[in-house]
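Each structure below appears as structure tokens.
Below, chain A partners chain B and then partners chain C, in two separate complexes.
Moving on, here comes the complex of A and B:
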């Protein structure tokens, strides 16, 4: 019951956010230079043709009616048709989604595996010595400062000169050749993960530092518990909460924001598809892409809220 | 606040490194056009795709332009665009955050939801939409940076305001008959400035990443203007035969972002002193 009372306002807020996002996307596309008719027909059209198009796409209706129709179509899974290929946009997205998901999972895995332990270590050390300066800060600053496309370009240069084991470009589906797939996905995945390593490291470090000043740690020290026990039993779990939030935000961004790495490494995922859609002026793709990215982001953050309540029994408790 | 910044013991090596690097880059960005570095747009100043040499420290590009003045021009564009975007966003975000935190109720709900909505757009995907609507260019870049950083300011200022709004001096001002506007600008604003300063540096580094990413994709600064991102785009076409273009622009861009981040860390350290404890 407590969980329901905690979650209901959050779900309501997520729905309002979703509504706002859809409204923003809808309105921004109404503002496109020239409007739909010009994009479909080109500049040299008779007023009759323009009127026919306006009628077919409902452009002669009031904006509210247009929005309702548009949102209704989205809700029933109709995200429009690519103007170039005349195929449903949603089918193309679903076909490419697993590629982006794999990329995001590699990046997330690396970020957590490297960022969390380093963050705990750095936080405990910095806290114990009452010093802010240590390796954690350097790694964090570097990871957050080298943009992914700079790192990616350098990796492409290095590994196209000395090929080693990795493969630059030339995506292979996992089902066709698992090893080849990993070989081609590792570099983009690593590139994408660097920001995440820094982000999770910094968040963990800050959380650990904050937890360490709480009275229950002082109590544990007074009881004579060993540092290892204190870290395992008192710090790790408490410090995990902000990390869950940040990880969820990061994952949401990864799914929607892998654009630049996919473009750089020619990975045929959702990001590259949206980017090419923009280059081809295929606005249905851009519109669906932005909307889907936001939906994924909001959903993941809501799942994080639920996870939150499960990890920390105090969340949502009556005070 | 400044006094507290100056008082914080001596700066450690990393912060000092950040400060000096930032100083040099800002100097180059501001006075670059006046320095005797050569003309960034002069074609065939040297051989095409010439490797770095004493005469051309960063090499030349595919049109034989000296790459060093182009990078200096890029520093200027990258800093300037992000700084403009972040400055505008900081003012708007601070005001909205103050209103949300102090006025509460419906205003708070509306502003908080608005921030959530903007936050839900991944920056680069939003960048593609903005580029579709208003076309690639500097205005596009500024818009995308604002969309990405506005929620950060609103959230931080709102939460700090919530903490301060219940304190005695605010009640005293209200009782004395100060208008809501006066309470926010005279009494609350000074209390949120520290948090705004910290966000300002982080937002600037995010802005620089977004600007260069958009320019790298060809959606930001357009030729013949150059930003560090568009130079990387230019260089990536010749990555294997002329890596110095990508390397010089990439290293300078990374240093620029890192120096802003390090200065931001130093500001935060000064404003929020660390309380740690030994575990034995």
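Moving on, here comes the complex of A and C:
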């Protein structure tokens, strides 16, 4: 019951957010120069042919009508069909979702496995010695400021020249060839993970530093607790809350489709699909894709809300 | 006199603020004996917290010991290595902090925190008994609570229980009741005093609350400008102060004024020392000041059953009760 009371306002806020996202993506697509008719028919075409296409897809209707139709269809679970392939959008999303999910899990796994321990280490060292600069800040600043496409391009260059077991491009499904799948997924996964490593490292470091100045840590030191006990029992849990938040945000961002990296490494995931849909002005794909990404993002953040109410008893009354 | 638990010799501690040195302790000599309650009194900035924390070497990294020695339970604290210090804190010392709620881990149930403080794997029966010793009613309910679910008084009793969990020889309580409601201060202090007496430990209270000290301390050390300016039996020091600062503190304290009287705040502000004081640090605020006070650093001397750091102690003790301002 208290869980419901805790979640209800969050669900209401989520619905409002989704409405805003749907408006935003709908309008911004229509603000882009060129439309589906230009893509399909090319530049040298009669206005009549253009009008036929527009009429066929309802693009001649006022924007309000178009939006209402789309929103109504989405609410009843109809994600529309791709104008290019004439196939249902939802089927294509479902087919590609596992690829994006795998990529996201690789990136998240690497980011957590590297970022969290390094962040704790860096924070504890900095906190104990009052050092302002150390490797944690350096790695954090560098990792967060290198763009995906730069890093991906460098990796593609390096691993094209020396294969070193990894494979550039050449995606194969896991079910067809597990080893080949891993070989082709590691580089895009690593590219995506670098930002996550930096994000989680910096967040963890700052959280650990903040917790270490709290009086209850001094109290634990005063009781003669060993540094290991203090870190394990007191610092890790107290520092976990902001880390959970950014991890959720990062995971949501990954699941929304890592567009640039999927395009760069030709990974047939959701991101590549949305990207191609955008190039083709294939409205249904982009609109559904962005909205789905928003749903995933919001859901994950809501799960994070529940999780940190469990970590910190002061946050919520979930129990 | 009985055995010394703490022996401090000419202790000088400075804080490196990055731009300059600030001297927090300017040559402190102090002995704490077994089975006594010693109160250290002074305004904020007088150095009393620095002194208390120095006994467990719990000072922040900016603090530097510039001279002197602190021996606690036979361990030379300024020289000891980390394992020795940890052992000392673990086995011999107990600290009680000003704000009990923030001294407890907010994410951990009371039972687990107390169990960690007790060491080993105590059963919930043993934990409840310890809490009962700290005079917590309903210990079984408190066991399952989180710190934010407790009142300040209850939380401070939990902190006290954790501090005495391993029967320390020395308890250091830094403003143990300052953050509590006035109505429960006295009771928490009584509990602390009772537990100290049970284990024959020494208790050092750092406080600015003179009425609290008058009732609970055997001896009082008054600190000003990083020095102990008056040290002696509580009754003697509080009834007939020999240092003008002690006298001014008593005049400024609420609780012993007559109706219609106004409390007299001490004019001026406490000094911030950059180095060793070469004169009396209190002289600029002192009613008894003479030329010598601004030229010559007073040293501790035995006088009227106490140690006092003042050139004019004779005049101070001979003066009438601290002058009070009539309400017009």
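General observations
Convention: the second predicted complex is superposed on the first by the 268 of 319 C-alpha atoms of A that agree within 3 Å, B and C clash if a C-alpha of one lies under 4 Å from a C-alpha of the other, contacts with A are read in each partner's own complex, and residues count from 1 in each chain.
Everything below uses one rule, namely that contacts are C-beta pairs under 8 Å (C-beta built on N, C-alpha and C of every residue); 3 or more make two chains touch, one makes a residue touch a chain.
Note that the structure is a prediction, hence the values are computed from the model and not measured.
After superposition onto chain A, the partners chain B and chain C occupy separate space and fit alongside each other.
Once chain A of one complex is fitted onto chain A of the other, the partner contacts of A:190 are absent, as it touches neither chain B nor chain C. Look at A:154: by the touch rule set out above, it reaches chain B but stays clear of chain C. In the superposition on chain A, A:233 contacts chain C only, with no contact to chain B.
Once chain A of one complex is fitted onto chain A of the other, the partner contacts of A:103 are absent, as it touches neither chain B nor chain C. Using the contact criterion defined above for the overlaid structures, shared-chain residue A:222 touches chain C, although it does not reach chain B.
Contacts of A:311 after superposition on the shared chain: chain C is touched, whereas chain B is not. Using the contact criterion defined above for the overlaid structures, shared-chain residue A:274 touches chain B, although it does not reach chain C. Counting residues of chain A touched by each partner, chain B versus chain C, the larger count belongs to B. Once the two complexes are overlaid on the shared chain, A:244 sits clear of chain B and of chain C alike.
Taking every C-alpha of chain B against every C-alpha of chain C after the fit on chain A, the minimum distance is 6 Å. Within chain A, the residues touched by chain B in the first complex and by chain C in the second are 128-130, 218, 221. The touching residues of chain C, counted against chain A in their complex, run 56, 58, 60-62, 86-91, 93, 95, 97, 99, 102-108, 116-117, 146, 148-149, 159, 162-163.
Of all the residues in chain A, the ones that touch chain B in their complex are 13, 16-17, 20-21, 24-25, 28-29, 31-33, 124, 126-133, 137-138, 141-142, 144-147, 149-150, 153-154, 156-157, 160-161, 209, 212-213, 217-218, 221, 227, 230-231, 252-253, 256-257, 259-260, 263-264, 271, 274-275, 278, 281, 283, 286-287, 289-290, 293-294, 297-298.
The touching residues of chain A, counted against chain C in their complex, run 128-130, 214-216, 218-226, 229, 233-234, 237-238, 311-314.
Those residues of chain B lying in contact with chain A across their complex are 12-14, 18, 113-114, 116-117, 120-126, 128-133, 135, 205, 209, 212-213, 216-217, 232, 235-236, 239-240, 243, 246-247, 250, 253-254, 257-258, 261-262, 265, 269, 274-280.
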